[in-house]
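Chain IDs A, B, C and D follow the sequence of writing; residue 1 opens each chain.
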Amino acid sequence: MIVVLKPNLPLEEVEKVIAEVAKLGYEPRPIHGKVQTVIAAIGDENTHQSLETLASWPQVEHVHRVQKRYKLASREAKKGGDTIVKVHGQEIGAGKKFCFMAGPCSVESEEQLMSTAKAVKAQGATFLRGGAFKPRTSPYEFQGLAKEGLRLLSQAAKEYDLGIVTEVLSERDVELVAAHSDILQIGARNCQNFSLITEAARSGKTILLKRGMSMKIEEWLLASEYVLANGNPNVLLCERGIRTFETYTRNTLDLAATAIVKQESHLPVIIDPSQGCGRADLVLELCKAAVALNADGLLIEVHPNPAEAWSDGQQQVDFGLYAKLVKELKPFISAVGRPI
Amino acid sequence: MIVVLKPNLPLEEVEKVIAEVAKLGYEPRPIHGKVQTVIAAIGDENTHQSLETLASWPQVEHVHRVQKRYKLASREAKKGGDTIVKVHGQEIGAGKKFCFMAGPCSVESEEQLMSTAKAVKAQGATFLRGGAFKPRTSPYEFQGLAKEGLRLLSQAAKEYDLGIVTEVLSERDVELVAAHSDILQIGARNCQNFSLITEAARSGKTILLKRGMSMKIEEWLLASEYVLANGNPNVLLCERGIRTFETYTRNTLDLAATAIVKQESHLPVIIDPSQGCGRADLVLELCKAAVALNADGLLIEVHPNPAEAWSDGQQQVDFGLYAKLVKELKPFISAVGRPI
Amino acid sequence: MIVVLKPNLPLEEVEKVIAEVAKLGYEPRPIHGKVQTVIAAIGDENTHQSLETLASWPQVEHVHRVQKRYKLASREAKKGGDTIVKVHGQEIGAGKKFCFMAGPCSVESEEQLMSTAKAVKAQGATFLRGGAFKPRTSPYEFQGLAKEGLRLLSQAAKEYDLGIVTEVLSERDVELVAAHSDILQIGARNCQNFSLITEAARSGKTILLKRGMSMKIEEWLLASEYVLANGNPNVLLCERGIRTFETYTRNTLDLAATAIVKQESHLPVIIDPSQGCGRADLVLELCKAAVALNADGLLIEVHPNPAEAWSDGQQQVDFGLYAKLVKELKPFISAVGRPI
Amino acid sequence: MIVVLKPNLPLEEVEKVIAEVAKLGYEPRPIHGKVQTVIAAIGDENTHQSLETLASWPQVEHVHRVQKRYKLASREAKKGGDTIVKVHGQEIGAGKKFCFMAGPCSVESEEQLMSTAKAVKAQGATFLRGGAFKPRTSPYEFQGLAKEGLRLLSQAAKEYDLGIVTEVLSERDVELVAAHSDILQIGARNCQNFSLITEAARSGKTILLKRGMSMKIEEWLLASEYVLANGNPNVLLCERGIRTFETYTRNTLDLAATAIVKQESHLPVIIDPSQGCGRADLVLELCKAAVALNADGLLIEVHPNPAEAWSDGQQQVDFGLYAKLVKELKPFISAVGRPI
């Protein structure tokens, strides 16, 4: 770590900081600059206590970490290149076939789910999404069909040979949800619910880890580290919009994050444009950018009749728009060199 | 709700929207303006489906809600004025005695905790804070002493007659943590973990509900609604800093939120200046503002030796600074007309 | 406008608001809902005083505008479809040939500028960018070569037949800068410097209007309205990154804004990926997304030796990377159906 | 500066970076850690070129500055303690008498201005604020009375012996505005309009420098450095709300910034609660916090009849509320130990 001291600090004060750095297990190497002294503290930051606590000392101006805090999620950690997640017979990541996950925001009824499954399957989707447990901002809003929703998802998956991706909200439901799905979604609101993430990781299912609304990239990768460090290598990172000052859209889809994450990590990236902007009329354009940025898949909300959806109708596309979208993405999928 | 249509829309298109508004259970009242038509949809927004789904229609420009989404948390809901939470023999809220909750970020050892309990008790604190379960951004950081931490908290509480406020991270630990504490803290990372909030609410303990890092006031009050709607009236709202672009501080303490929440709601407000800025050297000044804004209490991190703390040392104040702080706050507590 | 009143307001209080709405020149139409009354105020919001001032009344909960605040910039305003800006012999916008604007952050020397102009021209750029007047966060940083920089730009433009885009910082320099350039850039820091924007608009030159660091889309379009309303139809909207909480990048390039602006407005959109992320290693990927989102051009910082650049070296690409970038973009330009 | 290299970099690559550091004028001191090498670059960062350009090199992970970028504005720069600005017979800063600046958002008419001047003078204000030139988001909104507004301000100042604070929007108006005022306000939208700031600084008048909507503290102090470095020591830093995700208020008043700025700098701090939240009903509470945080003054919008104000009526307080506010602040002013 690097401990930057205040300007023009008396030598005896510098010595006190040096002594504390040594006491905390690092080898201190002071460098005396023109104006202020910097102490390089040698030692593995991931096994020693952080020196950031020293920032409370009156002698200290800043403390900078040197090493990255994530290990298993980092590009350096994986010698063989990008991770390929194999799930429900599909390979996701590393330039493999582009993956479409589509379906309603919430599972509402057999008719709604089966018709949607049929429609998205016809357009080449390989995973059906649909919420059985819904995290709703208000306790008075529809909270999902729960078990009955999971049963319908299983039925649809079987009928149309689709993998299932669905959210789990409670540690206590992990086993149940895992029994009915291929990919467990950890939602944005639970992105730092480490109890739930750990429990989900241990199920052995693939984890789709949504980025939190105001999560730094570093924090997102550290959340994925909770999955990886629990012995589950199958993580899909899902960008779904961050919170900014803009009010024309519900969230600001941080497409650029794809490029950053692909540099920092070997994990596949999925983009959720529906949640990402909260407006059905922008979804198609955002998908094009996601493909161009080499995302590995899309998670898209599709509903037979969005205006009458029980949740988030404004961001769900109908079957016609979904078919148009899949068709218009093809040249971009070709442009990034992926099979369609 | 108010449905604003696109400018210069043909009448037959207006009619389609009116029909859908009626179908969804509202009484539509169109108002034809100079440029565009607005449909006032009469009906209780909290029992009908939201018309916000109509925003996906090409005829519709915006949909505005009219009613507030929170009921029990709203000022209007409580005829008798501000809520007073009674816990461990103290009344919090409604201008009652100002409440000091103080203690270490994490419980580290018997010596650390007992010395801190003694020090804060001597300065008039009535609650001891301390984390036994710690939500850490990285899986490689100290995760708390867990049960042993709870045991130490109980020991300190008994010895110094202090109430206990401590965080619960998992639904499965609610019963255990409730058995060792007076106030269950729901942390910022779990502010929309509705499974945990509901479980904690049902324990009957007072809930200290931290605001999430990028939580709107409306969302915070709706999270508190999950506690209230589960039959637990004892909620303390705790502001602990929001995430902004500023990098001099870890978070931006949103002091102004106190004024807004006090207008919107009857619930007591606690300020956490330690987490709120992440720097011990700013804590005293921020506390003065919190008192002036009529907050009902403070949650302050205090440690015998912050530089050697196992977590967040840079934001913990030592015993000397804590004593100074309590002393310097007295004129401000008098200025707001509260007993000290 | 829509004036939403507080719940359960006595009728005489409702009447007072109605009277004020009428006094301010609107025709009030009250709608009495289950819980609260809403007053639809009929009248042209762009010629009457805003009723938003009524939000200070104790009877009033919210005031919503109905009409959009921008007129000339809105898609509805332009019957003939997208604006095509014709400048230096090129057409920009409406699916026309994709436009490359490239060059150094700052003009530093004849050698630096001429070599860069040659390199970007060889790759098909039609505009040379380069700062002669630099807005620097610190007064102690390099402020640009000023007039000498403009002279060098003119020389390079002549030698390589390139259009010039360069920033103007002061109303007093508008005439001078206009004499040496084809496109006047209004930088992010001056995005609401309406004196400068108006003066620049009146020069008759094409205006490249950068989005401010925390500018809402509505505000950006209203800033463009200052150009249009001063009789200059030639505006290029340039997204260059917004300020968020993320620290891995200098700014967060809001690629999704392209899709929104293209819906709201007829004006061409240019993306600046260099400023947008502040990191040369991300520029290529971001450019692909910009093309896929149907942006009309790119503004890219290119330097012969970025490490020794006098400003912002970390975000400038060298000649080799620029050539690679242009080559790799071609399939995406084809995918959106534009000539290369 | 500190140059952090990538992990496990071959020695010959380390050598290349060391050579470049030396070439750019610094003395490189490499420290070889367990995982990666760090190069401490010794040299005055404020006279040498920044090494931040090296961040574009593939060998480099981060570059950290060591020194602060502001000099004259920093606390260290002023040996004699806090700056006291003397203007219109009043001393502002360093615990001196608390300063009230009050008046309408815009100057609208003689009657409006004179009645407001009288009302605020009666409550002890020493400065009259009022906009003659208004920066409006839309070109169709009221832009201020310009010269006539200035004339009215002079008339009111003379009649009621008040200092004048008013905004200047254009370099060309600096001389004119300076002739009619005591304090020149640089608004949030021009916070990095360095041409205007420099011109205003050179007028010799006291500069009230508003913080930009998304301005980091460092950038704000650097903007003040443009005034100081132009030989004008009389700067008042004015916090007026930052832009966040919250929608209940127009801006989020960053009260905590007061504490930070007071640590970093010797300059006086003024708080603008009116612009800071955009709601008259919150102004009083926010003022209490401002006083408690040891701000040196308040800039408050006051209007005879806010509902009919020509701009921003929702955030202006009327005479009655203003009188209440001044009265209720007295105990807090006493609590910070200032004369009232």
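Following the convention adopted for this analysis, a contact is a pair of C-beta atoms (placed from the backbone, for glycine too) under 8 Å apart; a residue touches a chain by one contact, two chains touch by 3 or more.
The shown structure was predicted, so the numbers you read here are calculated from the model rather than taken from an experiment.
Asker: Comparing the two chain pairs, does A-C have more C-beta contacts than A-D, or is it the other way round?
Answerer: When A-C is set beside A-D, the one with more contacts is A-C.
Asker: State the chain with the largest centre-to-centre distance from subunit D, centres being mean CA positions.
Answerer: Result for the farthest chain: A.
Asker: So, what's the distance in Å between the C-alpha centres of subunit D and subunit A?
Answerer: 38
Asker: On a C-alpha centroid basis, what's the spacing between subunit B and subunit D, in Å?
Answerer: Between these chains, centre-to-centre, one finds 30 Å.
Asker: Using the average of all C-alpha atoms in each chain as its centre, how far is it in Å between subunit A and subunit C?
Answerer: 30
Asker: Which residues belonging to subunit B are in contact with no fewer than two other chains?
Answerer: Residues 214, 243-245, 247, 281 of subunit B each touch two or more of the other chains.
Asker: Could you please specify the touching residues of subunit B with respect to subunit A in the complex?
Answerer: 20, 23-24, 46, 49-50, 52-58, 63, 69-71, 135-140, 169-172, 189-190, 192-196, 213-214, 219, 222, 225-226, 229, 243, 279-281, 306-310, 312-316
Asker: Which of the residues in subunit C come into contact with subunit B in the complex?
Answerer: Within the complex, subunit C contacts subunit B at residues 2, 4, 7-8, 29, 31, 33-36, 38, 40, 42-44, 62, 64, 66-67, 76, 214, 243-245, 247.
Asker: If we count contacts the way the header does, which residues on subunit A are in touch with subunit C in the complex?
Answerer: Spelled out, the residues of subunit A in touch with subunit C are 214, 216-218, 242, 244-249, 252-256, 258-260, 262-264, 276-277, 281-282, 285-286, 288-294, 331-332, 334-336.
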